[in-house]
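Labels A, B, C and D are assigned to the chains in the order they are written; within every chain, residues are numbered from 1.
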Amino acid sequence: MNFLEKLLALDRRIIFLFIAIAVALPLFFTVKLHIEVTPVVRNLHNALEALPPGSKVLVSLDYDPGSMPELQPMAESFFRYCFMRDLKIIIIGLWPNGPIQANSALEIILNEPDIKKKNPKYGIDYVNLGYTAGNEVVIERMGSDIPVTFPKDYSGNKTEDLLLMKGVKNFNNIDFVYNLSAGYPGTVEWVLFGVDPYKIKLGAGNTAVQAPQIYPYLNSGQLVGLLGGMKGGAEFEIATGKPAKAVKFMFSQSVSHALICFFILIGNFAYFATRKKKGA
Amino acid sequence: MRRQLPILIVFVSGVFMVIQYFIPHESFEFIYEYAMDWIIIIGIFAMLLGLWSLTRASVSKVQAKAPGWGFSVMTLVGLATMLFLGFYKGNKSIAEGTFFMDLFWYIYTPIQATMFSLLAFYIASAAYRSFRVRTVLATILLVTALIIMLRLIPLGPISGVNQWLASWILTVPNMAAKRAIWIGVGLGATATALKIIFGIERAYMGKD
Amino acid sequence: MERIGIWIAALLTLGIFSFLYKDNPFYKFCESLFVGISAGYWFVTTFWQVFMPKLADNLVAGRFYYMIGAIFGVLMLLRLFPKIGWLSRWSLALVVGTTAGLYFTRYLVSNGMIQVQNTIIPLYVKGNLSQTIGNLVIVIGTFSGLIYFFFSKEHKGTFGGLAKLGIWFLMLSFGASFGYTVMSRMSLLIGRMDYLLGTWLGLIR
Amino acid sequence: MKKTKAVLFSILIILFFFNLSFPQENLSPPPPTEVRASDTQNDNGHSITITWKLSGDDGAGKKNVVAYEILRSELPTGEFVVRGMVPAGNNTYQDRGAKEKEDKNYFPPHKDFYYKVRAKTLNSYSESEVAGPAQAYGEWFHLGKLPVFVGTLAFTIMVLAFISLARKGKEFYVRPLAGIDAVDDAIGRATEMGRPILYILGLGSAADIATIASFTILNRIAKKTAEHKTKIIVPCNDPIVMSVAQETVKAGYLDAGRPDMYKEENIFYLTSMQFAYVAAVNGIMLREQTATNFYLGKFYAESLILAETGSVAGSIQISGTDEIAQIPFFVAATDFTLIGEELYAASAYLGREPLLLGALKAQDLAKAIVMISLASGAVAASFHLDFFLRLFTVQM
């Protein structure tokens, strides 16, 4: 067997090894890749920039550990942005794991030096109201009464006693809703049961697999902006001027994508070369 | 009784569900909601069948000392541990912070995430193996996949054109093909549903 | 506890990855443990989160129509007794009949009518060349794709030509989906690598 | 424009409280007129729809109306309570409630209600005249779903007509399908090699249409394996699916006249959790060295893990699913793929039963109708005629 034939019947374990290296190695470096901010992400950022400091932002985390690699960096960058801009954060989850994901993102963000300087306080600058069962019905109930839908926060305090929640009755008192979604219930439900009846302003981050289904709502204006997959997350970090995890991970993405393309090309090269030989 | 009654149940419940779609009145809505709950409840009872099958298969492997029977012991241990931890403190057994949830977070979740991540390797090896310029069809597959993948790689001036092309492919011809598949699946599934309701397709019922 | 947990999680992660090299006892261990734990987890959570609220609570509240579901559920279990096992077919019939009726309209509407509705678009948009081309491609693609799925006629002549165009469209779509999905699959691996190198070993920040 | 509206709207909420203490009657806008309340159409009977003509200061005049409040009472002179609010520019509101009597928000049907609409500016409001009485009641047919009803009837008639033609002995032609022709070879190969066949029904429940289509195929394949005396392994991920698969395979062995060879322990349940199931199936493929793998039914992300592991084991693989997102991976990694509708057609192909073939013909006829509507609809739409579009438009 000559080299080309070996290449043609390449042991897939060699490909596996290269993929592992292509993903792991870039994690050790911080490279400033040129990432262009697409209009859908730019629109979301602009809408957030238009909010005056002190605006109340509802964040619904609707995913579980399975989608962490894509959505967790989005949660972190969004919290960071809100704290920097003095936007008040109200966290909920339509998925049982959502509020837990929020806490682990907050733990990281609250320990960043820039944020530490601001010293955000629980109950005044951010609250975590936890999870309530009921999927889209939860959104409907929030439209009439948020404290009734979420009577207690994640740690068991009465919602009414939280300073931030004073005067928050329903969606009329919420200035922006941001939803991170990995499926059902998620962005689709927020559009159908939140935007349509209550005219809330909604921005969303979705897994890459989920994003194409959400695009129609962008075109119709029901959704302000969308972060699609890790790339969307990276674009948002660039737009806010704080490149973080998603940007860093995008380097791994680029290298591994390039590697797969390279493998496809050499596979075809070997295929042609051996075929020519056989022909001759 | 053994053959006819099930066929009748299928017919009646199937026709009811089709009819209720067109009737907004609450009386039908109530029956619909009950029926959906019954289906869920039947599913819960059936779980016992599953546990029985899994346990029986593992136990008989252990008894017969079949090759790899030690691993069947592991399965049984895992199963028994979760069942015990999940019930011994009543409905508080699965609250956050219990040992049950620790096992979920430190054993179940990482294995699941890792199994899922194997796809990163397999998507690469599948691409290498099957994306060859062998036939026209394989070539189309390869070229479009390359165009879409290249959108994540900085290519200087070509990037702009490629971005545009990638999003055009995703929103136009990709959409057209998906619609054709959707419509086909729609017709195939509705026809199959009809065959089930009318008792023409009944292989799933088995035979005596 | 957390440190031990992370070590266990990391070792299990490596155990699953070892399958990429070849099947081995380490993987078999993770696999069999995973099967047992997941079956138990699924049973326990379904019991507390579905069985209790859906059946037990409703029966306690005196809503006895839920008994009908329970009776059919018990019939399902009779499979375990060969002599009266045939009774389980009644439950099966209820499940299959109900969902067949449900799916009938669901598929007809969302896969049939709505897709057709979305594809009835003007072939000529005045003063907008790119949309005209886009619409034309969508209609032709959907049409020829459907021809490919035609079973009654052999793919020959003009008909065969259109069917071939249809399968080209399908392949283009498959290639696009394949390429598009690579990013989310890589994200998963990045997540695991971040866990191993960051959370476990602390090599990256 | 939208932005200013939202800002005004939030200021309104803050000023609302001031407003209560400083009523400024002389500034109140012209009230909404022509208020009508009537039962909401096509609903379950727990909602009333209110419509009105916009206040003179909404979008015109002083342009200072920011919202409308909708109030309800059981008596024309009784106490009116606020039921909801819509931003300015809207002229309808659906007053909806729950259908369960014990619900706090229960909306009683067949009961008189009176409504009025209040136009609000930042610091004043004015009320319309009282409208009503109106009653909520449920309809017995959803008019918006008429196109679906016609479609249902037409398709049912087509299927039944072709099936009765088949019963009368009419023979139907169907074109060859590559994936189907491969099935026999694949079973033959397993027999020659003396290795088992693996059949995966996917992650669907026993009620998923794709799973049911797969049961029929499993039945045919089980019959063939019984004839060839080849072992078939069916690991399941749903207990009901397992039960049905056992019945189906048993029936296949009966059809082949070899009920004695049927072994129930080869059709077993593993776990219902997606990736644990996949981990176990991966192991089975490599340890049992299956010669042929079938993946037919509902598949999700696991499709590629299964197909690539099978390819490592050197198995011949035949796949089919109606889950569009997974078809590309099956196409790339398995030897033959039944794409979407082909999966449903496969049961008819394998059995060659006239009744099932009849239904396939009805599908083709429906497809032809769809294609003609598509083409003529698009041509008509180019001339701004929306007749065809309306034929397919469903209002939920």
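Note that contacts are C-beta pairs under 8 Å (C-beta built on N, C-alpha and C of every residue); 3 or more make two chains touch, one makes a residue touch a chain.
Computed from a prediction, not measured in an experiment: that's the story for all the values here.
A.B. asks: Among the remaining chains, which ones contact both chain A and chain D?
C.D. replies: Under the touch definition, chain A and chain D have B, C as mutual neighbours.
A.B. asks: Please name the chain that ends up farthest from chain C once chain centres are defined by their CA atoms averaged.
C.D. replies: A
A.B. asks: Out of A-C and B-D, which chain pair has the most contact pairs?
C.D. replies: The comparison resolves to B-D.
A.B. asks: Compute the distance, rounded to whole Å, between the mean C-alpha positions of chain A and chain C.
C.D. replies: 22
A.B. asks: Between chain B and chain D, what distance separates the C-alpha centroids? Give it in angstrom.
C.D. replies: Comparing mean C-alpha positions, chain D is 15 Å from chain B.
A.B. asks: With centres defined as the mean C-alpha position, give me the chain B-chain C separation in Å.
C.D. replies: 4
A.B. asks: Could you give the separation in Å between the centres of chain A and chain B, each centre being the mean of its C-alpha atoms?
C.D. replies: One centre to the other, that is 24 Å.
A.B. asks: By the touch rule stated above, which residues of chain A touch at least two different other chains?
C.D. replies: In chain A, 12, 16, 19-20, 23, 68, 209, 212, 231, 253, 256-257, 260 touch at least two other chains.
A.B. asks: For chain B, which residues are shared contacts with two or more other chains?
C.D. replies: Residues 18, 21, 39, 42-43, 46-50, 54, 68, 109, 111-113, 115-116, 118-121, 123, 125, 127, 129, 131, 141-142, 145-146, 149, 152, 170-171, 178, 181-185, 187, 189-190, 193-194, 196, 204-206 of chain B each touch two or more of the other chains.
A.B. asks: Please list all residues of chain D that touch 2 or more other chains.
C.D. replies: Residue numbers touching two or more other chains: 148, 152, 155, 205-207, 209, 212, 240, 243-244, 270-273, 275-276, 279, 287, 308, 325, 327, 329, 331-332, 339-341, 345, 360, 363, 367, 370.
A.B. asks: Which residues of chain A touch chain D in their complex?
C.D. replies: 12, 50, 172-173, 175, 199, 201, 209
A.B. asks: Could you pull out which chain C residues touch chain B in their complex?
C.D. replies: Touching chain B: residues 1, 5-6, 8-10, 12-13, 16-17, 19-20, 28-48, 50-52, 54-55, 58, 65-66, 68-70, 72-74, 76-77, 79-80, 86, 89-105, 107-108, 110-112, 115-116, 118-119, 134, 137-146, 148-149, 166-183, 185-186, 188-189, 191-192, 195 of chain C.
A.B. asks: Can you list the residues on chain A that touch chain C in the complex?
C.D. replies: 13, 16, 19-20, 23-24, 27-28, 68-70, 207-209, 212, 229-231, 249, 252-253, 256-257, 260
A.B. asks: What part of chain C is in contact with chain D in the complex they form?
C.D. replies: 16, 19, 23, 27-28, 30-32, 34-35, 37-39, 41-42, 76, 79, 88, 92, 95-96, 98-100, 103-105, 107-109, 112-114, 116-117, 119-124, 135, 139, 142-143, 146-147, 149-155, 170-171, 173-175, 177-178, 181
A.B. asks: Spell out the residues on chain B that touch chain A in their complex, using ranges where they run on.
C.D. replies: Within the complex, chain B contacts chain A at residues 96, 109, 112-113, 116, 120-121, 123-125, 127-129, 131-134, 142, 145-146, 149-150, 152-154, 163, 170-171.
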